[in-house]
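Could you have a look at this structure, given as structure tokens, before my questions?
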Amino acid sequence: MSDPMDFLLLTKGPLFNLAVTVFALGMAARILEILVNGRRPNYSEARGGQWLPGLRTVLTRSVADPGTFKRAPFNVVVGWLWHLGFIVTLLFFIPHIALIKSLLGLSWPGLPNPVVDLVTAVTLVALVATLVHRRTHRVKRRISTPEDYLVWTLVFLLVLSGYLAYNRIINPYPLALGLHILCAEVFLIVLPFTKLTHIFTVFIARWYNGASFGRRGVES
Amino acid sequence: MRVFEKNPLEKGLAERLREHGVSRRGFLKFCAATASMMALPPAMIPAIAAALERARRPSVIWLSFQECTGCTESLTRSHAPTVEDLILDLISLDYHHTLQAAAGEAAEAAREQAMRDNHGQYLLIVDGSLPGPDANPGYSTIAGVSNYSMLMEAVEGAAAVIAVGTCAAFGGLPAAAPNPTGAVSVMDLVKDKPVVNVSGCPPVPMVITGVLAHFLTFGRLPELDEYHRPLAFFGQSIHDRCYRRPFYDKGLFAETFDDAGARAGWCLYRLGCKGPSTYNACATMRWNAGTSWPIEAGHPCLGCAEPRFWDAGGFYVPLSVPTGPASDYLLAAGAVGAVAGAVVATKARGRAKEEAAVRQPVTVEELEQKL
Amino acid sequence: MSERIVVDPITRIEGHLRIEAQMDGVNIAQAWSSGTMVRGIETILQGRDPRDAWAFAQRICGVCTLVHGLAAVRSVEDALAIELPTNAQLIRNLMIGAQYVHDHVMHFYHLHALDWVDVVSALSADPKATSTLAQSISGWSKSSPGYFSDTQKRLKGFIESGQLGIFANGYWGHPAYKLPPEANLMAFAHYLEALAWQRDAARLQAIFGGKNPHPNFVVGGVACPIDLNSDSAINAKKLAEVQSVIASMRQFVDQVYVPDTLAIAGFYPDWFQRGEGLGNFMCYGDLPATGSADPATFLFPRGVILNRDLTTIHEVDLHDDTQIQEFVSHAWYDYKGGKDTGLHPYQGETRLDYDGRGGVKPPYQQLDVTDGYTWLKAPRWKGHAVEVGPLARVLMLYAQGHAQTKELVDMTLTTLKLEQRALFSTLGRTAARTLESKIVVDAMQGWYDALVANIKAGDGRTFNETLWDPATWPREARGAGFMEAPRGALGHWIVIKDGRIDNYQAVVPSTWNAGPRDPSNQPGAYEAALADNHQLADVKQPLEILRTIHSFDPCIACAVHLVDPVTGERIEVKVV
Amino acid sequence: MSATPSSNGSPESSPFTLERGLAAFRAEIDGPVAAFFSSCVHCGVCAQSCPFYLETGDPKYTPILKLEPLRLIWAAEFTLLGRLKGLLGLNKQVTDEMLTQWEELIYDSCSMCGRCSLVCPVGNDIQAMVRKSREGMVASGHVPEGLIGASVRAVQTGSPMGLQWKTLQVQINHIETSTGLTVPVDQAGADYLVMLSSMEVINFPEYLEAITRIFDHAGVSWTLSTQCFEATNAGIQIGNKDVAALLVQRVVDAAVALGVKNVISPECGHAYTAIRWEGPNLIGRPYPFHVFHIIEVLDQLRAAGRIKTEGMETDRLSLHDPCNLARKSGVIQQQRNLMDLIAADFVELKEHGKFQWCCGAGGGVSSNERAEPLKIAAFKMKKAQIEEVEPARMVTMCATCRTQLEEGLEHFNMDIPVVGLTELIAEHLVEHEPAEQAEGAT
Amino acid sequence: MSATMSGLPSIPVQVETPAGGGACHGNALAILHEVRHALERLISTGEATRIDLHALPFGAGDEAWLTALLGTGEVRATIEALGPTSVQETAIPGVWLVDYHNAEGQRLALHLEITCIPGILRTQCRELDTAVATLDTRLGAATPGGSRPLS
């Protein structure tokens, strides 16, 4: 299996199936773990609704409040930068759209490749910055676990391998593409079992938060 | 590698050409065309001329195994040099089923004669895969001899082996899943002789002749990539050299074969083009005397110069799409996962509830004890 | 036991063919035709996307490089009832036409001519006399004494080099060669010219299909869009190139191929008296005049002629499982229902069983002809062994009173002073190939004009998108894709389940012609033809066998590619 | 700064065990907890909202870190991966040692102000999870002494400070004398049952007087209850639902006994949270009455035109929003409406309303003597805010906040008096003939 | 047998060709920059450059665009050896387009030469060896009764 084309086909075939399987299994389990636990009945007299405030928080929590922005500008700016970069690259790069279409049957217009390329480069720089920040900021350093570094490495390798493959810096291309897909597969496999879960559960968490505060009449 | 030492009386190429009335300018032009064909920079033309002055016709033995004759057909489409120039002036094609006059025993005798006369110096060209040593030899025989035996016998005295076409180079179609005849490539079997793979289904004709011209010109094989393919032709991908690449970069893609994008020549990535992962010379050499090439004629690249391209996902499925039924796995595993998650959560909830039922409330008396 | 002649490899064909002939004195008493290579493409096709099938099927053969691809595409289109845009049908016709003419010319000059032309004899020709001969039969421009002199000089230099290359060990000087040196020189010159010409002719497929060999196709039309204002589509420049290729093809057929055939055939009248054999002929028909696949509009009609009776044309139904069946009683396969049963391709089943079905362990001297002796099956139409190919088509056209065919056939018979009976022969087959090239190349101009007229009328459609997405397909479908390939009737049968290929079967021209005996011991077309009045002047140089076999234009890779499509099982056979 | 464990009793003698604690932790885990832990990315932004971290600079006070015991239990028992790891014995265990270490983090350095819950990018309600964690801490016996004391006193005497009705009666008498008004006691069928907090009664007796005057002015039908006057709930602060439920039940019983329609929570933050939000859930059913904070009631009266004021405070006033009232209960605009009635020079602190900063004393920190240095440290955040706008006086509406503000400002030698909003309103009431007013009241 | 064939009809349809001869897909422009550098080298050091256009990934319109831009200069020559080779000076002095075709008119190579005179135009020194002999032969053939060389 040292052959790049064999390697690519392995990653596009059996390994991808495996990754998707583990991912789907794990992620469904994670979400069910949350939903089945549910919430206890609340007998207090509500001041506001839950559904709309919940959904509102799902959206608004993406934007930091001015005080947080002032006190943690790095977190906010760099966090935004690389998250946005990652999402743009993931969802608006034509080959990714083709992949998603094959998996889910959904499709949408993509962005020009040079734009995605630039965004990817910015994402990589931002990711490096987050690592430096994690190592140097006393709070982040204190609360970081090995998992944080593992996840950082996976995300970085995922973006980096995509960048190298697109710019054809690693050759031959089947090897480069295979490496990128392999990174994506490892990413998918660990996703449900690490903090990467937040990609999906963040919506649930924010909703619960917004609903809880909203019930008490606070826009959270 | 020692070559062309056998027949000192034979004239060099320049002299042979002069004898049929080809002028010096004609010879220089031939050299220019040869440089272009070998994908060498024009600055190499004087060196090529000097080498071709002396070049003699090497003996070439061409074995056809599990093949479709597409590679030979492709060879006959070469316009620089033409197949007639090739077989009359440049090489001595001593065994080739499709072209040779002799048949049956006479044909085999010609092969054996050439192998004896040019022992250690002939070029062995193979097209088609062959059933491996572990497969039933009856799956492919010539003159009652298994392909495997014939290949190994012919390799013994060869200076080098050129595997023409993806079947010979990588197993190709016969080796596609589930490989019903146990087909293998030449490279799988030949370990002690230099092997050049001229892949493609079929190969670009000028790439076949280009490798022969290189051998003829320089008396050695060209520089190879990790798949033993000549770097001069397989060094860059179709995608890197595709004239439609700017559309890829701009994100302009044909969605179907007859839409405005297809008519305007937009990128065929979404129609399944394998150009990015395919290393071949189609984009620059093009086909049939520069007439066109698949992408120019609106069809995505099949990736035919790459190993296992038959099994590399559908031809109309974009390169980034997995080859397996991943979405089925997604659904099935999602369902299983949901059940597993629900079970775990329910179990944990159940335990918490059981504990709550027997829970001992905290009392002030207990708290007081702590004071 | 009397002498058994073995010719293996049969060269100047496509694929791996072995002929064994049982001699009765100087006569061939019986012959056996054996395909000695198998790949298993149908097994490989199982489970794949039907839209991809053409690319796999196309690699069945690189010589008739178009036909299997198109038959595969048509099988899917038949299964899904996809309607073709007019332009796509016309472009396909042009590509098929180019295939015919290209293939037939190459066959005549490069695969067949050396059976009739003694290259060495050309050295003693007088260039001036050659020129006179050439100019007497055709207005072809390359016919000056200087031209023939140069050609002769080149040949001389080549032969004197001592390295004869592809001409080494030919049966030069064999008493069966009858051409005078001048005719040999002219033919040799045309051998080289045809090599050059075919490169140009192949460009037509490249324009529409991207390359040749193995041009590209798509289910539902053609991949090349039409846009007169685009550089990247079929535009006026490319259409003009197509026109120029057609013109060059017509010129070569008219001025070189047809005159050469008649000239050479004139020296071999006895070859109009042997080498036919079966007397049964079959055509599926092809080359629709419009986008529809209605056999009534085909240039080549569909039907069967039995026992040389041109007055009755029998109807052929590809879907009727009692009509076309394949037998393996003398092939290296086994059927579950027993080796003597016959199966229609939709139910087709095959199991590789070399050792169990009489395969002799290589290296071998002789086949065991009492059992399996080939990788070819024996297809039969209602139990009849039939011949397919140019002779079948020309007879069919002739029987139906096709005016141009009648004119061409009658002209040929008159010129060569032959009776109609002479058509049923080795050279009748070769002549039929030449004549149908003329018919097809003339028709190409008509398709081209229709294409241009259609584009001018504002129709630029080349592709029917409606059933491209497998999600739009029925869960199960099956269809038959047929063609008149240059070598004869070709059918691909496909069964589609859940968007994937469930079963795939190809019954190809050379299976009909080169196939072995069936359970009732009826020989295949080759075998019957060789047993038809063949004497060998020199058993060591069986030139006569080559002549008749080559007259069929064998394409053996096409014929042997069958591995169990039902179970997809790979049978491992260990050789003891 | 190292934590000093308060658990002085030997484990054998203690009724609280690790198992009991773990069960209590477990019982608190629900969907939101699972969603929150699943989503945390260790970004550390919560630290930037925590006065205890910001003013000490010690990263161990990062809010999310305070939840580690709860998280470990969730991860091990409520996730598929945790169950699998458990089979292999790979899960990290929650131990007594760990809980001992965490006691400081969960009690001393957290006022449960909830600011972290509002800034967490993934939406984790950290404050709610601290509240939940305290259940486990109590059940496992890892609680600061001060809070235990308060709880015991609250249950045993009815007040965390040991205050008795007789003390309050003295005060009532005094008010009645000074105002000439009657303080209604045990008036069945009154519209409002007014609850008090011991701290107000002891430190800020002017509150009750102010209420008496305002309600009289507005003609509100109200009463006190001898059965229960204490609204604060030490059970909420210590984090035990048994104690909390006991205390809430007293309020409910009193209200039901008098048949009031509404219960007014005093100028005390956590009391409001206790009876307004947690109460019904603690007793497991909805109330037959409504609960309002006094500020809400005053604003309703203002809006109805039933409060008429005259004159304005002319010095620069600023407002401190109690966490429990503003951020955690949505009472934000009401106090501003009231300020507008009486303050000519009202200046907002820069971050206010739901984004206000905690005074540092809530969540039981003020009852936890050991936490004094942390409490003062946390106050620096508030101090900085106050210094920014340089008010002459601070206004607030929570006795704990008011005490902390007074003590803190004094600690830093800042001469800024702190007043309760209710008294401020009372001071500006338009004077009427008492008789007329009394008629209206009957 | 009819040996006639239909004459080549004129191009059947009108095309709106964009000015300049075709669409530029991007690569032609890069070549022009390379030509510019080569010209500077030719001027400063006299070094000639040859660019093989056939080996470049040109789109259908690129070549037309490039040749239209380079324009047509004063010199045009055709060499008949192994098929025609056309040498055309472009409108840029010193930039030559050398187009090699085989006997069937198929293009073998297309070179841009940046030089004073393309090498293939010059008389070949190797052939000068036989020049006198060839002339003598022709003289001999042209002189009745044969003639001896003048020298």
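Letters A, B, C, D and E name the chains as they come in the text, with residue numbers starting at 1 for each one.
Please note the rule applied: contacts are C-beta pairs under 8 Å (C-beta built on N, C-alpha and C of every residue); 3 or more make two chains touch, one makes a residue touch a chain.
Here the structure is a predicted model, which is why all the values come from computation and not from measurement.
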Quick check on the contact network: minimum steps from chain A to chain B? 1
Taking each chain's centre as the mean of its C-alpha atoms, give the chain farthest from chain B. D
Chain pair with the higher count of C-beta pairs in contact (B-D, A-D): A-D
Chain at maximum distance from chain C, centres defined as averaged CA atoms: D
Please tell me the distance, in whole Å, between the geometric centres of chain A and chain D computed from their C-alpha atoms. 38
In whole angstrom, what separates the CA-based centres of chain B and chain D? 76
Centre distance in Å when chain B and chain C are each reduced to the mean of their C-alpha atoms: 27
Inter-centroid spacing, chain E versus chain C (mean Cα positions, whole Å): 41
Pull out every residue in chain C that's touching 2 or more other chains. 196, 199-200, 231-232
Two or more other chains in contact with one residue: find those residues in chain A. 26, 29-30, 33-37, 192
Contacts with 2+ other chains: residues of chain B: 79, 82, 244, 265, 289, 296, 317, 340-341, 344-345, 348
Output every touching chain pair, sorted by label. A-B, A-D, B-C, B-D, B-E, C-E
Residue set of chain E touching chain C in the complex reads 1-6, 8-9, 11-16, 22-23, 59-61, 103-104, 106
Using the touch rule from the top, collect the residues of chain E that touch chain B in their complex. 25-27, 50-52, 54-60, 62, 79, 81-82, 85, 98, 100, 102, 104, 106-109, 111, 119-120, 124, 126-127
Which chain A residues qualify as touching chain D in the complex? 26, 29-30, 33-45, 47-48, 57-58, 61-62, 64-65, 67-68, 71-72, 75, 79, 137-145, 148, 192-193, 195, 197-198, 201-202, 204-210, 212-213, 216-220
Residue ranges of chain B touching chain A (in the complex, touch as defined): 225-226, 237, 239-240, 248-251, 253, 269-270, 276-277, 279, 306-309, 311-313, 317-327, 329-342, 344-346, 348-349
In their shared complex, at which residues does chain C touch chain E? 138-139, 196-197, 199-200, 228-229, 231-232, 235-237, 239-240, 243-244, 247, 250-251, 254-255, 258-259, 262, 411, 415, 445, 452, 455-456
